[in-house]
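Following: one structure in structure tokens, then a few remarks.
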Amino acid sequence: MGTARYIARRLIFSLCLIIGVSIILFTMINAIGNPIEVLLAERPGITEEMIQAVTEYYGLHGSVTDRYFTWIWALLRLDFGTSIIYNLPVSEMLVTYGLETLKIQVPAILIALCVSVLISVLAATRQYSRVDFGVIAGAMVGHSLPGFLLGIILILVFSYTLGILPSYGAYSTRNPLWGSDMADALWHMVLPVGMLVFFNCATLTLLLRSSLVDVLRQDFITAARASGLPERRVVFGHALRNAFIPVLTYLGILFGLMLGTAPVTETVFTWPGLGALYIMAIQQLDYPLIMGATMVITVMLVTATLLTDIAYVAIDPRIRLG
Amino acid sequence: APPFFRLYLMIPNNQPARMIWGTLAAQQMSRIGIDVVSSFVPFTVISPRRSRGDGKPHAEGGWDAYLERYYYNAIQPTPNSLFHSRLAPPSGQNFYYVNDAQIDDALDRIGNTIDPAGRQAAYRDFAKRWYDTEPMTILFYPKDVIAVNPKLKGFDTTTFNPVFFPNPESWTIEGAGNDATAAFASWAPPMSLIPMYSNGYSDSNIFGPVYNRLYEYESWENKRLQPGLALSHTMSDDGKRWVITLRPNVRWHSGEEFTAEDVKFTWDTILNKAYGAPISATAEQVLGSTESYRVTGKYEITVELPKYDMLFLDWLLGAQAIIPKHAYERIPPASMRGHVASTWNGRYQVPISGGRNYTALGGVGTGPWIAQGYDPQRRAYKFVRNENYWKPHTGNVKTFYVVNIQGTDSVLSALRSGAIDAHDPMYDIGPLAETIEPSWGKVQTFDSFKWQHICYNLRHPVFGTGVDTPLGRQDPARAAEAAAYIRKAISHAMPREQIVKEIAGGYGEQGTVPLPFTSEQYDHDLLKPIEYDLAKSREYLERAGYRY
Amino acid sequence: MSDAILAPTAAPPRAPGIWRQSWYRFRRNRAGMIGLCIVTLVVLLAILAPFIAPYVPDDTSAMLRGAARRPPSALHWLGTDRNGYDVFTRTLYGARTALMVGLGAMLIASVIGVLIGGIAGFSGGLVDELLMRFAEFFMVIPVFVVILAVVRLFGIVVVGTWMEDIPNLNMMTIIVLLGCFEWPPIARMARAEFLRLRGAEFVEAAHCIGSSRRDILLRHILPNAMPPLIVLVALGIGGAILAETMVSFLGFGDPKAVSWGQSLFFNYEALKVAPWAVLSPGAALFVTVLGFNLLADGLTDAFNPRLRQ
Amino acid sequence: MLSTLASASSPVTAAPPAPLLEVRDLRVHFFVREGVVRAVDGVDFRVNPGETLGIVGESGSGKTVSSMSIMRLVPPPARNVGGQILFEGEDLLAKTPDEMEALRGRRIAMIFQNPATSLNPIYSIGAQLGEILRWHLKLSRAEADARVVELLTLVGISDPATRLRQFPHELSGGMKQRVGIARALLCNPSLVLADEPTTALDVTIQAQILELLADLQARLKMSMVLVTHDMGVVARMAHRITVMYAGRVCESADAATIFNAPQHPYTRALLESMPRIDQSYTGTKRQPLPTIAGRPPNLLNPPPGCRFHDRCPEASAECRRLLPLETTIAPGHSVSCLKRGSEGIAA
Amino acid sequence: MSALLEVDGLSKHYPVFERRLFRAAKQSEIRAVDGVSFTVNEGETLGLVGESGCGKTTTARSILNLVTPSDGAVRFRGEDIVPVFKGSDRARMLEIRRSLQYVFQDPWLSLNPRWTIGETLKEPLRVHRPEAPESWDARVAELLQMVGLEPHHAWRYPHEFSGGQRQRVGIARALAIEPKLLILDEPVSSLDVSVRAQILNLLVELQDRLGLAYLYISHDLSSVRYISTHVAVMYLGKLVEIGPVDDIFTRPRHHYTRALLSAIPVPSPGEAQDRVVLKGEVPSAMRRPAGCPFHPRCAAALPVCATDEPMLMQPSAPHRAACHNPA
């Protein structure tokens, strides 16, 4: 029925998007010239056979279209090729590094969501009060403070000056905190997650507050109050869920934004994630890795958008399906 | 006034300090009338350009100039392995097309003179000719500055490819009992962990602890060779015939015994073009062909060199790690680079005698450390102590990690948080040394065998061959002379003293020629620092025919 | 027939126009005014940089004097950085780059966005559907990542071509890319506005009168669609500046450009030794982005007249 | 369906019973940046048990604000600045927020103007109505559902069990308004406030809803305050009528008196300015309709004197100076007009 | 009296698309207006009434070609203007626009908020150029006075006016090029009671002075009764009854008209009224019942009503109703 068809439509559209991105990406990479040159350039005295072997290995023979289809076919088999620099299967690297990225991004979004809900409710229910003003001002500052600058400041304060938080990496190489790998991992997450939370929280709060202020003015809120429902239920039960509808789009964008700027975040905190991997791949012109990472980031983004669309359906019965 | 000519300067973007002096160098060049187009690029952009081997200038797909840090592959300076006109790419590593009869002659003498005094004279001739024509602008000799965990004792060497590497078998971490864990930071991810493919310390930091060489250096201090897998050798008077006796009862990590066949296998693979080892050409120069050596006993190998070459002992025996025949011979040449033995990512079975298999997690060597593979989350290569090592460990480290950390800041905060004990010299922590507190970091400095330079494509018509300079056009015979004037002009425009003091944090010496500043071969009387003098620069340019 | 309350005989002074009304509303918005002041200040500083700055931006004489990485002093008001540059001068000139990036990128984005959104909204139907899908396509591409890749790869492609002679090529690339990727929100907004206005009664009234399509588009719809677009553009400028800084911070910026991101990139490593070299451009960046965000906030209010009250 | 008029049995003749709701000198001001908007500025009215009070007046005359302030739900920046609202003898303005919450929906309920916006779009009808029941009456889910079904049936919704699970956007406007009415009646309130309950609806649907309201009001014996600007609607529904103008009451009387013997010039003008549907205008040359010239005063800065003076054909100098107070001129009929004997105060 | 505007079998059908997986497929259509015919004579007012969504606005917009009619002819002074609008003869099109003008329902939305009233009023002059630009200012002042505003109001912006005043501006704009027929789409519905009378008076006065004909669309029956000479009643896109105003109001023949009339509350309490309260909701134009569209709600429905669609009877009679069982 409607919902299923709607989701099917979105899925197909998402697929088209991914294919489109893959074509653009491929064209871009190929505009630079045959990667094999870069790959083999530093190997003087190399033989024809060896070039042949490596060409075979990376599927780089044939015309551009041939190569594209070879590549796509490989992608479909989840075979992203082998990293030139690391000599590892790209798919494996993407999973390991991707998980590290998600490990900071997802908690950051979730925490930011909870915090900003509380703050926005606090502000929106006291519109024009000092609290409200403070929240807006704070959120505005946070919204304008670039994440990486904040990260730098956090490192300066917490790692350099106070020396209480690690500023680099996701794990201690040895001697994990309290001897527990779990505690150690969380310990390392504090700063990057903290930075992302602050950054997201600011923007989310700005949006959520204004959405909430709008919703709180609506007739059905007055109606709920006039029915004698306690304020808490009116705000949390009736207003918040409605206020979330416009914010939902942003959540999708947020996810994209975080993945998109993961290179910066992960550079600042030397986080072993997809972003850092991407930077490395670009620096070193590790084509299979660049293509793989971009594709994965795109797929994640498209998935986030798709999930947002589906979330709309779940949260708002008015969305016209089909 | 319009600029005299255009020069494309590529500045590798992996080292902020170098980017800074690169920018400064570009500015200084433009101050004397050169139109400099500088760009920050990763080394991967530079290498294919320079290894095309056709000497084209930058605008035609080749290159004009770039910044580089360089060192010889052996502790004895071996300019003959780099700057001989014979070694032009693609088969050699004279990427700069240094092509000077006097230099060639000196280099040949360096390589083939057995007599130490004669060789010393050859070094001097090389240095003098270089100092006069300056085929490259040597900016300075950096010192290696390494901050270590104050509790770490026995760290008395800097890494130097591939001869020195962190040798944690001699480390003692105070107060850590008998099975301490140590960690070492390495800047760049390795390309391949098969020794013959090594590109520099990003690789040798990791594979080094696993393998042995036939001869090894005793210490960084005295830089003397001592027997490693070889026990001793004999050399004929003409320096051509060598008999090498190997150490018996040495076992590979798999449990197999080390024999002369492994040495032969190692040299065979290096020379075999199908494996595509970049050192192949140099090895061929030294050994000639696979015909020149024979296994003459289980622990003996006899070599007939085409002619004496200092590189044989100092480089091939002293710097090239021996790899196991039983473990690697089954790997097809084309997939050697992608094999687990090269990536250390995964496991593979090594057949050993008795029809059994040994499960390897990385490279198989005879060395003091057994590879445990790569942990991608920690970005670390893990090693455990080889309890059956032929030489006892002198420290208390049982588990060892090499961690991939990029960035000076990161490495220092890692040291501060106790995550690492030491790091490789790539980090250039010199300028930040003052921020290291004794409570968490001890700064150690080492004289290094490297130099930082601006290198030129010497086939460039202006500053390479000089045919396109005013003087060169006017008098083709003096073209080379004109090009040298231009290079000297650039050289005099470089504020070396300031670069060392302000950018390198004072850790270095002003540069002149590509010979290690502290080596015996460096003639301090001859090689006076090149002064920073823009007037002189202009004068040289005028001599090349340019008018202000 | 007369209307009693409109009785005054002498014509009263001309009422302020709609833009001026917006300005009155804007003036009452404290945040917006702060934003405007900041932006004006940044623009002024950028224009006057050559007159205020004590040095030329690529003066490294401090280095030759042996005075790099020195704390603020009378000679160098905000100190010098690792390159031997005067931090104050670089920060001042950085404003020019920032504004160039912000304005340039958003100019491109607005032109593309208004064109595409306008066409989609005005023609509707299949064209609309296709164009909006196209916009969506651009929205899922991770802009930042693409910029890094393109800047990097472009650097290889241009060598030896005429493009190399373009001054600040990297910067131009970044600006163009930002412009080419930031247009979808503008297009969406433009489309929504065009769609709304296309059906607006006053537009139908114009149809009834017999106004031509061109008149309707240019004289009725476009001016009315502007305000929300201006807000988006103001927001986008801040975003573009930020994006450029991040690209530079990662070392993919224009080596010749005097940009805050570039300063951050070079001095980030020396954060602890010479924090002033990082904090000055950082603060400048923050304040500028804040200025544009506040400005956009104020504009939203100003352009949102509750006309019905 | 034929019906009789609700107002046929008007309880005017008896001595005034104790009012259910009495509003005395209610003042609600909006404190906006430009100053104080005196949206409601001294309003009195009362509602007797079982009676419908119609409040009429032009747009912006303060009808909505008055009725919202009975609920104590005027939105900021509005504040109640004076007066009393006596509900069953107790002053609502003196109650704590918790006491008010207990009262709202249970004793005093509200029907909103726009059925489309007054239902929460994301919850089903059953969920929204059930929640109120569960909260006030502590019913179980099943009990609440049963009660909701009962009420939906009462307001004439067919197949209420299905409707329960539907969302507001799946119902037509008339149906939504019925749901809105059902919501108001959930806890058997004794007073229902209806703010223009039919303005957003179609003519024939409006007739249906009015019919329903009149019927329910008579059957459930509740009191109702019906706010509207349509004289026809009040004529049909209300027992008593209060006419408001610019935040003040002009005239209050029972319905027949207002229509047959209006005293206040504004009430008169209002009645006369409407064309009559039951009167032919063809044949002779059409006479212009009597109009009220001008605009209502700006409540931000109301002129001194009677709020209506500058549009009033009878206005004198007095009127421009003195604010008339409400005076009873006959039992159950009060007017605020100096010309009708009201006292004036200089304000 | 000659026929100024003849609408003959006018229809407007909107297709309804259903989104399939890949493309939108036409599923059905909304017959917003379905074969409507009526005539407006010079100097007369035809009131068009009906419930929300019955197609009044669509009829007006089809006449003005703001939407292209699906079928039928619109004759202005005997000439079919539908092809003219479709054609490319702009001059001819402008000529027709000049005689046929529209006044919108919502005085808040129908004026460009960024233009002064003067600019708005000059726009028709600019397009049609009935006179030289120098005299435009004078003409604007004249127009403003004609609708009861002051000349200096030309400098003001719409938001500075009250609803009634804005509606006057809307009328002035329509009058600027001296049309013969004004189509008024609920011109007073959104205005306050006290302002409505002013606008109605203005309309009557203008009609008397300029001899305009009106097509007056409204669901406010009292104003229709006041202003119209003839009334047409629509239900679900169809004309169900048409006739002289007094006939319709006093002797309605269609049961829908009767219900409509009785649904209007009369402002006189106590007046017992024979009230017909309709059951059920207005069906949507998309799911139109078979037979007489009104039969599901009609108390006097016969079996035939469910199957046969009644036609407007007696084409020549002034008062006609489309009903099988007229009252």
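In order of appearance the chains are A, B, C, D and E, and numbering begins at 1 in each one.
As a working rule, contacts are C-beta pairs under 8 Å (C-beta built on N, C-alpha and C of every residue); 3 or more make two chains touch, one makes a residue touch a chain.
Please read all numbers here as calculations on a predicted model, not as lab measurements.
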{"item": "Path length in steps (a step moves to a chain that is touched) from chain B to chain D", "value": "2"}
{"item": "Between A-D and A-C, the pair with more C-beta contacts", "value": "A-C"}
{"item": "Length of the line joining the C-alpha centres of chain A and chain E, rounded to whole Å", "value": "55"}
{"item": "Between chain B and chain E, centroid-to-centroid distance (C-alpha), Å", "value": "90"}
{"item": "Mean-CA-position distance for chain C and chain B (Å)", "value": "48"}
{"item": "Centre distance in Å when chain A and chain B are each reduced to the mean of their C-alpha atoms", "value": "40"}
{"item": "Residues of chain E touching at least two other chains", "value": "198, 201, 205"}
{"item": "Two or more partner chains touched - positions in chain B", "value": "13, 45, 407, 409"}
{"item": "Set of chain A residues in contact with two or more other chains", "value": "155, 160, 283, 285"}
{"item": "Residues of chain E touching chain D in the complex", "value": "51-52, 162, 192-194, 196-198, 200-201, 204-205, 208, 219, 221-223, 225-227, 229, 244-246, 249-250, 259-279, 281-282"}
{"item": "Of all residues in chain C, those that touch chain B in their complex", "value": "58, 60, 63-64, 66, 68-69, 82-84, 155-156, 159-160, 164, 251, 255-256, 265-266, 268-273"}
{"item": "Partner chain C, residues of chain E touching it in the complex", "value": "61, 64, 66, 93-94, 97-98, 101-102, 104-106, 108-114, 116, 123-124, 127-128, 148-153, 155-160, 165, 170, 173-174, 177, 198, 201-202, 205"}
{"item": "Residues of chain C that touch chain A when the two form their complex", "value": "31, 133, 136-137, 139-146, 148-150, 152-153, 156-157, 238, 242, 245-246, 249-250, 252, 264, 268, 271-272, 275, 278, 282, 285-286, 289-290, 293-294, 297"}
{"item": "Chain D residues touching chain A - in the complex, by the definition given at the top", "value": "68, 71, 73, 75-77, 97, 101-106, 109-110, 112-114, 117-124, 131-132, 135-136, 167, 169, 180, 183, 186"}
